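Here chain A shows up in two complexes: once beside chain B, once beside chain C.
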Partner chain A sequence: MHIPDGFISPSTYIPATVAAIPLLIVAWKKTKEAINDESYAFLSSLTAFSFVIMMFNIPIPGGTSGHAIGAAILAILFGPWVAAFCLSLTLFIQALIFGDGGLSVFAINSLAMGFVASFSAFYAHKLLHDRVNNNLVLFLAGWSGIVAASVVVAVALGIQPLLGVDALGHPIYFPFGLNVTLPAVVGSHLLVFGVVEGFATMLVMGFVEKIKNQSTAKGATV
Partner chain B sequence: MSQNGKYLLIFILVVIALTPLGLIAEGPAWGEWSVEEIRSMIGYVPQSIETTKPLISAIIPDYEISGVSALMSTWISAALGAGLIFGVMIGIKKLSKRAS
Partner chain C sequence: MPAKTYFLLYIGALIAISTLKSYEPLLIILALLMIMSGKSVLSIARRSFILVALFSLFITLSYSFTLYLRDESFWHYFLTVNLRSFDMIFLTLLFTSRVNIYEAVAFSKDLTFLLVLSVSKIMNMQRSFADYTDALKSRTLRKPSRQEIYGYLGSAIAGFLDKNIREGKENFEAMKSRGFHV
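Right, the complex of A and B next:
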């Protein structure tokens, strides 16, 4: 879901950047408030987890692949704004150092995998919490976060053929429309990567709860 | 380091150690194709995709360090990314302490 440079028209990424800047400022402020000696270990290692989990590419039929993003874990533990900041930091490092996702379209990637994924996961968790089995809640929070992000990416890519064609009538930017991007991007996340994200959320949250309980039982600081 | 900090560090080191599993997937993510892949799919390369260069060229493009095996490249990339995140978070923690 990391959109590269050149795939998106400026008429899409400039408004996205304008929209993302104030959101990132709020997310930055909330992160500064949330970080302290106790939360640091969880915030930094779970953000590092989101970076590393995105390297676990899972092949699917059709010659492509995808991965989990780990947004729901941070959103459930620290709230959607902090999670969005952590994911955006991950995406920025990926774009800057590893060329994974374009810097010019950073705002779109940040809005999708940072903000939309974190807020969707957070509200899915809030809505379902205490109503159904906890593991199912965690699974659905992860699943809905990444699926929501995939909708944003599919729409951003799929509208590009409408935004510019050259003299031969060929699209200038991403060449496939919504009829192709929605089933390919959203479909694969609904069926495969969303399920992976759901299980990752369940497993890591289980681990986090376990070590938190252990230290509480010992009377140590978190 | 706190007990939790130790568990979390072990956890992230184990996940980093497992990153070469991600090399099993040969294809890129849907849509994240190279210029050559796009040409072979649709017979041409859209103008902007062909001509747009990154604002800043990546130091380690695609997590592959030239002259280093794919396995080592992946481990180094994962450790570097995770290390940078730990570093930035320490910086933010210091900033927020100074502010309060």
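Right, the complex of A and C next:
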């Protein structure tokens, strides 16, 4: 879902950066408050985790596969601000050190995959928790987070033909309008990548629960 | 010149390149960047090409094809967008290969420290991930069922989460014992 450099006009990424900076400062402060003393070591661990989760290719029914971003997992376990901050830091490292994503569009990627994905997943989980089957809640949290993020990406890409055209009226940044980006980007996330994220959330949280229960049981016998 | 100044110049150059709307100045900029990159020109160009090809070529080729079908000129669009993307990625890779990034973004001591720790952990995780997948491949004799794949993925990702949290605690203790207080 990463938008690369060169496809977004400055009239989009500059306001997005202005909007993202205060959010990142708040996320940084809230993250430090949330994890107290061990913050630096712990935060770097979560950042490395959100990087490594993107390396796992997850097959889904239907013969296709994709990678998760782990927004729902981090948001459910550590809260949406921590998740948003860790994912944003991962995106920053990917853009600057690995050349993946692009620094000019970092703010848009951070707003979409960091903030929107984490908060959507967190509130979807909070809303549905204890109302339906736990696996379904986890799946929906992961799925809704990434689908919400894809809407932001689709809109950011889809408005480019309106913002940047050459002398002949041809688009000069991302060429396709909202009529193409919404079905293509959001559709693929509704049907494929959302399912991947949902599965990943369900599998990992299921495993985390299992480990938790085992340690509780062990603690009880001791 | 201090790394922070280079970083600000890099950001300025990135914004300037992103505003260009025709390929001629982008070609001149590319030539300048290639001269500046010296001996590493081929490795940076190769990496930039791979990164551009992943997204840019797919999008620009499909749009150029629609222009071609409408009997409109597509070269201007195709060259401009791909060159702009290529120049921006080339500039980023050149910047990261020449400037100490940690010094460049050292606007806050806390964040710089966090960045250094995170990058070193990411490098470790990449190695662990490669070892893990190699070990799994060498131990897999038959094609696993979908259920087995899900079981493996759930335990592997949760295992990495557990490893990260455990290492985070160890790092914190190590930092504390060396007098680093946060």
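The rule is short, and it goes like this: the second predicted complex is superposed on the first by the 187 of 222 C-alpha atoms of A that agree within 3 Å, B and C clash if a C-alpha of one lies under 4 Å from a C-alpha of the other, contacts with A are read in each partner's own complex, and residues count from 1 in each chain.
What we mean here is this: contacts are C-beta pairs under 8 Å (C-beta built on N, C-alpha and C of every residue); 3 or more make two chains touch, one makes a residue touch a chain.
This one's a predicted model, so the numbers in the text were calculated from it and none came from an experiment.
Contacts of A:179 after superposition: neither chain B nor chain C is touched. When the shared chain is aligned, chain B and chain C each come close enough to touch A:89. Contact with neither chain B nor chain C is seen for A:133 once the two complexes are overlaid on the shared chain. In the superposition on chain A, A:203 contacts chain C only, with no contact to chain B. In the superposed pair of complexes, A:211 makes contact with chain B and with chain C alike. Looking at the shared chain after the overlay, A:53 reaches both chain B and chain C. Once chain A of one complex is fitted onto chain A of the other, the partner contacts of A:73 are limited to chain C, with no touch recorded for chain B.
Annotation: chain A residues 2, 4-7, 9, 37, 40-49, 51-53, 55-56, 58-59, 89-90, 93, 95-97, 99-100, 102-104, 164, 166, 168, 170-176, 207, 211 touch chain B in one complex and chain C in the other. Put simply, chain A touches chain C in their complex at residues 2, 4-10, 13-14, 28, 37-49, 51-53, 55-56, 58-59, 61, 73, 89-90, 92-93, 95-97, 99-100, 102-104, 164, 166, 168, 170-176, 199-200, 203-204, 206-208, 211.
Contact residues of chain B toward chain A in the complex are 1-5, 7-9, 11-12, 15-16, 18-19, 21-32, 38, 42, 44, 46-63, 74, 77-78, 80-82, 84-86, 88-90, 92-93, 95-96, 99. Across the complex, chain C meets chain A through its residues 11, 14-15, 18-19, 21-22, 47-48, 51-52, 54-56, 59-60, 63, 67, 72, 76-77, 80-81, 84-89, 92-93, 96, 101, 105, 110-111, 113-115, 117-122, 124-126, 128-129, 146, 149-150, 153-158, 160-162, 164-165, 167-172, 175, 182. Listed in rising order, the residues of chain A touching chain B in the complex are 1-7, 9, 31-33, 35-37, 40-49, 51-53, 55-59, 62-67, 89-90, 93-100, 102-104, 153, 157, 164, 166, 168, 170-176, 181, 184-185, 188, 207, 211-212, 214-215, 218, 220-222.
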